[in-house]
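Chain nomenclature is as follows: A, B and C, assigned in order of appearance, with residue numbering initiated at 1 for each chain independently.
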Amino acid sequence: MALKRMNTIQVILLMLAMYTAPASWAQNFITVASTTSTEQSGLFKHLLPAYEKKTGVQVRVVALGTGQALDMARRGDADVVFVHARSAEEKFIAEGYGVKRLPVMYNDFVLIGPKSDPAKIAGGKDILDALRKVKAAEAPFVSRGDRSGTHMAELDLWKLAGVDIAADKGPWYRDTGQGMGPALNTASSMNGYILADRGTWISFKNRGDLTILVEGDKRLFNQYGVILVNPEKHGHVKKELGQAFIDWVVSPDGQKAIADYKIGGEQLFFPNANDKGA
Amino acid sequence: MNEISLAFGEAGRLIVELDATLAGIVALSIRVSLTAVVIASMLGLPLGAAIAVGRFPGRQALIVVLNALMGLPPVVVGLFVYLMLSRAGPLGQFGILFTPAAMVVAQTILILPIVAALSRQVIEDAWQEYREQLRSLGAGPLTSAVTLLWDTRFSLVTIVLAGFGRAAAEVGAVIIVGGNIDGVTRVMTTAIALETSKGDLPLALGLGVILLSLVLALNAAAYWVKEAAQRR
Amino acid sequence: MLPLVLDQVFFAINGRIIIDGVSAEIVTGPRTIILGPNGAGKSVLMRLCHGLLAPTSGAISWRGAANGRGRQAMVFQRPVMLRRSALANVVYGLKLAGVSTRERELRARDVLEAVGLANIADRPARVLSGGEQQRLALARAWALGPEVLFLDEPTANLDPSAARDVETLIGQIRAGGTKIVMTTHNLGQAKRLGDEILFLSQGRLVERAPADQFFKKPASAEADAFIRGELPWH
């Protein structure tokens, strides 16, 4: 009886020891709130190990939708924000939660659809025209519906195209509430149209019959910004380490690392920290 | 169909070669769930025994609540723990959100009612059988509770195994409080969720096979324990 | 701690009266058998005496004090063994009684020897046969050196040879100075083992007499009918 109790205690101590052992406890680290589409593109897996090796600081990325990422930062659960929704980011700073927004890179959105293309938009250069055609054809269209940067970009485009999507959507418009990957899966299985960021699309493996139908319209460009969470709002924010990461990402080294990220020979993200107006 | 069989092949290769990412994810999963089940058992088994043997006002209500809590949805637990551990929340100053410690906390809360409620049932059944004899020998409530915990040890082990299985298989709680951070809080279930949504099946399938094997092993262990109990 | 005095003891559950005003004094010496048909309340009366149940009304006291409980032990119809070795079961009781660690094991082995279970001391108690378990229960009780040993139908579930072994052991325990209080519905056993008979029927103490007298010339009609095997089972 006493023997059994001692074994349990030993097991617990062993567990606790195993827990304090892994590097994650003692190491320097920062928490970055970013988006699922950025994580799923594989950029961080390419970018961060180099940074970690150079500085010894682990960058922990929590990937959520843009809205959630900013909310997480408002609550003080992140040190740095790395998202792609300029108006939401500027609101974030205006509210006092962020110090300053710096442009980092852009990728673009593409309009994906089935090769059969019932709305006849393939090869077009005008995204607004393409969207109007999709609505007219009542072809299945998958929306992320999750307050993400991609979702907000999609809503902005409908607005610019003169479509009141909230009022005019029919059963052809599928509001899924999912991340980019799952939404692409859905579009693939129902041969529907979908607005996606090029990065996720390039690394997406389950394409089925889908292909890029419309691309290159300037209105499809997707700008990324990086922001340090305001240490005055949240005293525990790791401002030196966070700022160091931001400084690196916009530095020539960091920008080159971003440009070097390729899938199948294709570059996904285009660094533009020098473009002050971005 | 061909894609899927290709993916299975890839998965097999990852497992056999002990791919480093895969191994790290599996090790973390086991660490987190094992720690959670150990803590939950240290708290839940005595709690179950105390309720089984004790007589106090509100006992019946407590048993009903405990049984109901067995069905706590993992996402709800995750949400609750997230709100508690967020910097904006009451326990934020410890800074354990998005670390394995937070995952342990969430899974402990998830399994504790299971361990307590099921052990309460098992011990109460044993109490019915042992009660008169123990009292006749002069055992008070505390001694009786301890004696029952030892005597029902085989059943209790299967309960603990069940708790571990529940923890290892859940995704809702750990993904919210852990954040599925690559190399830090990514476990089997959250990795499967991520890789599947990326359309990247080999790693997801590999992890799925391992998770299934773990569940099978746990069930085999539980069966073996029951067999051993017959001989004691 | 003897005499055990029962004074107008009633026991009822949910309005049903099980013990109906029993008064008696149980003293040192004679082997006391509580006899009666099934449902008479024998087991309940035994539990009241041992202290496992509290009377609904009336008083039960040892040597004039309500809690002068002293050393007693009880053996039940179905032995309850802990999930450990036979030896450990006996040691368990001794530990509760406050016996020192070394003394416990010695005494336990001695008593197992005395009941003929020395060779299975290390076997798990729950895999033993019914007869072996009941002997083990007796050993566990005997090891405590009780002044009073209560036995509730101890051989009702045993085959004749195991029953005989148990009866022999009871005799040995008695010879060591322990007072025996036993229930049974078995006439033959009562005749073999009893010095005095308390005859219980429908919760009432109908008759009390020395064994010889009881069996030769029962004073009450119920006792008479029971002995003749005619008492209706209800």
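By definition in this document, a contact is a pair of C-beta atoms (placed from the backbone, for glycine too) under 8 Å apart; a residue touches a chain by one contact, two chains touch by 3 or more.
Quick caveat, the model's predicted, so the values are computed rather than measured.
Q: Counting C-beta pairs in contact, does B-C beat A-B or the other way around?
A: A-B
Q: Compare the CA centroid of chain B with every other chain's and tell me the farthest one.
A: Result for max centroid distance from chain B is chain C.
Q: Whole-Å distance, chain A centre to chain C centre, using C-alpha means?
A: About 79 Å separates the centre of chain A from that of chain C.
Q: What whole-number Å value describes the gap between the mean CA coordinates of chain B and chain C?
A: For chain B versus chain C, the centre distance works out to 47 Å.
Q: Counting only Cα atoms for the centres, state how far chain A is from chain B in Å.
A: 32
Q: Mind pulling the chain C residues that touch 2 or more other chains?
A: None at all.
Q: Going through chain B residue by residue, note those that touch at least 2 other chains and give them in order.
A: Residues 150, 153.
Q: So in the complex, which bits of chain C are touching chain B?
A: Touching chain B from chain C are residues 47, 50, 52, 73-74, 76, 80, 82-84, 92-93, 96-97, 124, 126-127, 140.
Q: Show me the residue ranges of chain B that touch chain C in the complex, using the header's touch definition.
A: Within the complex, chain B contacts chain C at residues 129-130, 132-133, 135-139, 143, 147, 150-154, 231-232.
Q: Chain A touches which residues of chain B in the complex?
A: The touching residues are 31, 34-35, 38-39, 42, 86-89, 92-93, 95, 97-101, 146, 150, 153, 179-182, 184, 194, 197-201.
Q: Which chain A residues qualify as touching chain B in the complex?
A: 1, 4, 8, 11-12, 15-16, 18-19, 22, 24-25, 31, 39-40, 44-45, 58, 60-63, 74-77, 178-179, 181-182, 184-185, 203-206, 234, 236
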